[in-house]
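In what follows, chain A forms one complex with chain B and a second complex with chain C.
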Partner chain A sequence: MGILQKFKQMFSTVPMLGWFLGIFTAVLIEYFWGYDYISYYLGLPKIPVLFGALIMLKEPVMIPGALAYDLVVYVIPVLAVAKLSCFITNPGAALLEKLPLWLSAVIHLVCFYGILHLWAGINDYRVLVVKLTLVSIILTVSINVINGYQGEFSCSHPGFMALGAYVSSILTLILFTNDKIFGTALLPPALGPYLFPLVLVAGGAAAAIGSLAVAIPSFRTRGDYLAIISLAFMFIVKSAVENLNFIGGARGMGGQPDLAPLPVIFIWTLLCIWVIHNFVTSILGKALNTVRDDEAAAESMTVKTRKTKMTAFMFGAFWAGIAGGLFAHVLTYINPGMFSINRLAEILAMVYFGGLNSIVGSIVGAVSINVLGEALRPLELFKWIIIPLILIFVMIFRPYGLISFTEINTKKLLQAKHKRQQGVSP
Partner chain B sequence: MTALLHVKNMTHFFGGLRAVHNYNLTIKPRQIFGLIGPNGAGKTTVFNLITGVYTPSEGEILLENQNIKGLETNEIAARGLGRTFQNLALWRHMNVVDHIRMAHYAQLDYGLFGAFFNTRACRDQENQVRENSHRLMQLFDIEKYADDLVTSLPYGAQRRVEMARAMATNPKVLFLDEPTAGMTPDELVKMIRIIRQVHQDFNVAIFLIEHRMKFVMELCEQIQTLVFGEVIAQGPPEEIQNNPQVIEAYLGKEDMT
Partner chain C sequence: MRKIAVLTVVAMALAMVLSPLAFSARKTIIKIGINAPLTGDIPKVGEGTKYAAQMWLEDIEKAGGLEVGGQKYEVELVIEDNESKAESAVKANTKMITQDDVLAIIGPQSSKQAVPAGEVANKYKTVMISPWSTNPNTTLDRPYVFRGCFLDPFQGPVVANFITDEFGFTKAAVLYDVASDYPKGLAEVFKQAWEEKHGAGSVVAYESFTTKDTDFSSQLTKIVKSGAQVLFTPQYYNEVPLIVSQAKNLGWDGPIVGSDSWGSAETVELCGEACYGLFFSSHYAAAGAKGATKAFIDRYENTYGYIPDDVAALTWDALRLAQQAIQDAGKLTGRIEKDREAVRDALAQIKDFDGITGKMTFTEEGDPIKCAVIVKINNQGEYEFYGSSCP
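Up next is the complex of A and B:
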């Protein structure tokens, strides 16, 4: 405990900008020397993709090498640069503090994206993992609106996702590709990237309309009964798609144009987080919490509970639809099996692991479950023992999830951290 | 003076049970009106009927000469009936300032679009609500708890949060369902002071259910006694105090033999 505290104190003076600089250095080291020198001398066959987790689990002989690689490439440079650059990053952060908050946030995000892009670009597999993780973040944050903020137990998220995925896929196939089913492209494929946002929004809208099938019963029932209704909705969507032959039925549907590169997904994820954050911190969004905690009191305090419930479902479903559309265009193939009970388990695990009623929690949950899922892949069956075990422990010690009931405090996150402040606050 | 709230011949059945029978009420502006009666007399049912939790089987409810019977509860609340609950109905995962903020719901008009994109209208209105909330919290002496979860507050403070929340809806008539239940003597004194002050500052009529006779007699201008869903007596405190029917309902009939 003592060491950890000392460690924490030692790095308490590092602002966000300093961490970015440290990580940037690490990524640069990996980019330039990772393959040619470091992994070569450590006897690794290639650059460890996810911090060596895959190699370590596949070939235990490699464990020392992979750990050494992590130490040399990530741990030491990040910590050293973050700590040593304090004298320059702190004034830098102080300078940014003088700008409007949104501008400072945008600058930080651009830096963050730059680093992420460089890191992911080293390996194709990493790009895919990062893309799917970002899509999961959208899914988790959006299901948090329904299951966390609104407090229903809705199981229909994969259904909403499927609606979004199929509607947007059909649109892009009709509009931008020469396809066996839908014939030649109606529009020049070059327009694809520009019209893709509209296609996604159409997918989201379809999901939002579909969500009425769950939202309207929610006026009269909640808890277990609504969970069953929403579960039924998910299976109805899945079976409907399986039996519609013109969109591929159970064989699925492929050939979507690759319209979802990393920057596009990153921007959509940010947009999703921003909009949902705005919503849940406004009074109209807090109304979801009042309906969850005491509906009768909410009604008596002038809250329109029906409208609130409908908003929550349609809004959550809209973003699930967007996530579905992005998902379809990342994999460029979808089939109904992808939007079934396995996906539901994954989404619910992410949201309940991360924390209810919290956007930060959702992001943490989505990232950790996704990365963990990828990293533990070599364990095959045991992966599905380890992840549930972690979930069970989280539920025992933190029943509402790791980081629940907290909102993002952008200002605090980005501010400069001076030594003097440290002396004052305990 | 015209009546602010007028209830005419309200009757309500729960299945075959007649909970309220032929109930009449006239509250004038700025009046403090008390409703007393033994347990199970239907006092809270009267509250629920007027505020729209149940729709009365028969009768009429007029607020400023406009019919509010049959409207949704939230609409009735927005028209100017604020209330508190007998067994505190606070939102247990929310902090105090959010409680007060939430009650401004009907006074906002920036719409969902404004909320999603944090438009200027949204920011301006939210800031105004925040200011107003702090003013209310000061008045009700709960400002020091602003960022605490309501469940962590002492009982008396929770009651005050409920009242502050009801006042934030900007009511014309404030319904208080046993505002002093379970309070310590200290908190009771504070409550009387606060109710007086609210009455003075907000130009509001108050309709309250209460069991502590001293409290009712001290505060109310008019008192109604309800027994088995029927009003058996109505009048100023001194009259009610000495009304034999009321004494009988509360203490039982004296054996004359």
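Up next is the complex of A and C:
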């Protein structure tokens, strides 16, 4: 414990900006020397994609090489640069502190995106994993509005996602591509990237309207019964799409234009987090919690419970629809089987693993389930034993998920870390 | 104490750097990617794929590598699990192409994964051969994507013709899974072919169910009452035994005919004697096979303990096709993009390839022209060759 404490104290003076600089250096090292020098001398066939997790599990001989690579490229540069650059990053952070918080946050996010883009850009597989993880974050944060903040157990998220995915795919196929089903493009394909946000919003709106089918029964039922209704909704959507031949039926629909590059998905994810954060901290958002805790009491305290429930469902469904639209344009192919019970299990695992009633928790849940799922890929069948086991242990030791019912303080996170604070901590 | 710790770390670091692994020049290794459903809904299909691939690798290793242009290259398989999910198949393909630098990809087997995965392979200009996918969209407008089997628009009429010629029936019933693309597509093609032959309304019952249903009695009662003479059901090994036994219990006594999805070794194992004497169309027949096909079947059975199904045989052919194409490419430059293109061009040129599932020549779309086989399940529960139909 002593060493760990000392270690922690040593780096307690590093502000967020310092960590960014450290990671940036590490990514630059990987970018310029990773393939030609470092991985070559360590006997690795290529730059290890996910910090060597895949290659280590597949070929145990490579473990020392992959660990050494992580050490040389990530651990040492990040720690060294973060610590040594304190003298410049701390004043920098102090300078940013004087700006309004939102501006400082935006600057930090731009830095973060730059690093992420550079890191992912080294390999297209990383790009795909990051894209799908971001889509999962939108899904998890949005289901948290219904299942966490509002406290219903809704199982219809894959259905909302399917509505968004199909509506936006149909629109892009009609508008921007020469398709067998919908004929020639109505608009020049060059307009695609500019009108894509509108297409996504249309998909989200369709999902929001669809969610009324679950929201209205929720006036009279709660708990298990609503869960069954929402499950039914999911199956209705899936069966309906399967039987609609003009959109491909069970064969699925392909050929969507690739309108969802990494920056687009990143911006939508940020937008989702920001909007949902503002929503759940607003008065209406607080009403969600009162409805969850005691509906009758909330009603008697003049909270309009029906309006609250409807808003929560429509709002969560809207973002699920957006996630569906992005998902469809990342894969450029969808079929109804994708939006079924497997997807539901995945979404629920992410939200309950990360933590209810917390946006940070949702992000942690989505990222960890996605990264674990990818990193343990070489284990094949055992992956499906290990991940559920981890879930079970999390549920035993932290019944509400890893990070629940709390948010992190953005201001504290981004501020400069001067020596004076060090004295306070034990 | 501290000194010892530091010394140990330094020694370990030195050992790592000086180990024979380090400083090894990067050799040109031929890597073949296998994208298979090892977990998920149809693990048996993934297993067959994996086993066939391992047998192929054994052969290559016995020969000391793959000879291309007078030089022997080491061959490595990269086997990825696609969990029987579309996005996972896309991830697996992206990983194999961009990270593992595979020269060609075999798989995915099911169309719902092969269609989106083919898009990735084509985008990165890497040859992909799907051994089992029958959806036309898999190869449509994708010069780098090929397949190892015939398509549904060919198989449907083959079955319709066979029933007409063999039994002389004029009234047929169809039972299929509306939620799964392969049965649904094939059922439609069959209905069309049958009605062309016997006039509109000759398919007297066209009944559907949904994936994971286990009780078919209401559909089967309708079919029995409709006066149909034959039942066509293009379903997978997990549903066929249920359909067959329930039909018999409800008083169905006509023949039941299936398609290549019946070909799994599990069908007979689960179905037992109820399935003896039934017919289905397939890619090859295990019982009574001759030559290279028999050699493959015997070897597979000796190694893994059961007779290979059509997926294994088709995977074997797809791997041999890839091998042929790599050898035909002449020489490997070591620059992966160039080599992939050369392999693609060589593959498209292959004529009359002698596979264990029949002779193959590729059309411009990357679909093979090959014969279908009618298989009879004989009284020992083996898949016996009954007849064949060529385009």
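Everything that follows uses one rule, which is that the second predicted complex is superposed on the first by the 422 of 426 C-alpha atoms of A that agree within 3 Å, B and C clash if a C-alpha of one lies under 4 Å from a C-alpha of the other, contacts with A are read in each partner's own complex, and residues count from 1 in each chain.
Basically, a contact is a pair of C-beta atoms (placed from the backbone, for glycine too) under 8 Å apart; a residue touches a chain by one contact, two chains touch by 3 or more.
From a predicted model like this one, the values you see are computed outputs, not experimental measurements.
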Touched chain A residues, chain B compared with chain C: C
Touching partner for A:T311 - first (chain B), second (chain C), both, neither: first
Contacts of A:F279 with chain B and chain C, given as first, second, both or neither: first
First (chain B), second (chain C), both or neither touched by A:T302: first
Touching partner for A:F405 - first (chain B), second (chain C), both, neither: first
Touched partner set for A:T290, first chain B, second chain C, both or neither: first
Touching partner for A:P388 - first (chain B), second (chain C), both, neither: neither
First, second, both or neither for A:V61, with chain B first and chain C second: second
Of all residues in chain A, those that touch chain C in their complex: 40-43, 45-46, 49, 54, 61, 64-65, 68, 123-125, 128-129, 132, 238-239, 242-243, 249-252, 254, 327, 331-333, 335-338, 342, 374, 377, 380-381, 383-384
Of chain C, residues touching chain A in the complex: 13, 16-17, 19, 21-24, 26, 38-39, 80-81, 85-87, 90-92, 94-95, 97-101, 111-112, 115-116, 119, 124, 135, 137, 178-181, 184-185, 210-211
Complex contacts: residues of chain B adjacent to chain A: 51, 53, 72-74, 77-78, 82-83, 85, 89-94, 98, 101-106, 108, 112, 114-118, 122, 126, 129, 165-166, 168-169
Contacting residues of chain A [partner chain B, same complex]: 275, 278-279, 282-287, 289-290, 292-294, 296-305, 311, 357, 405
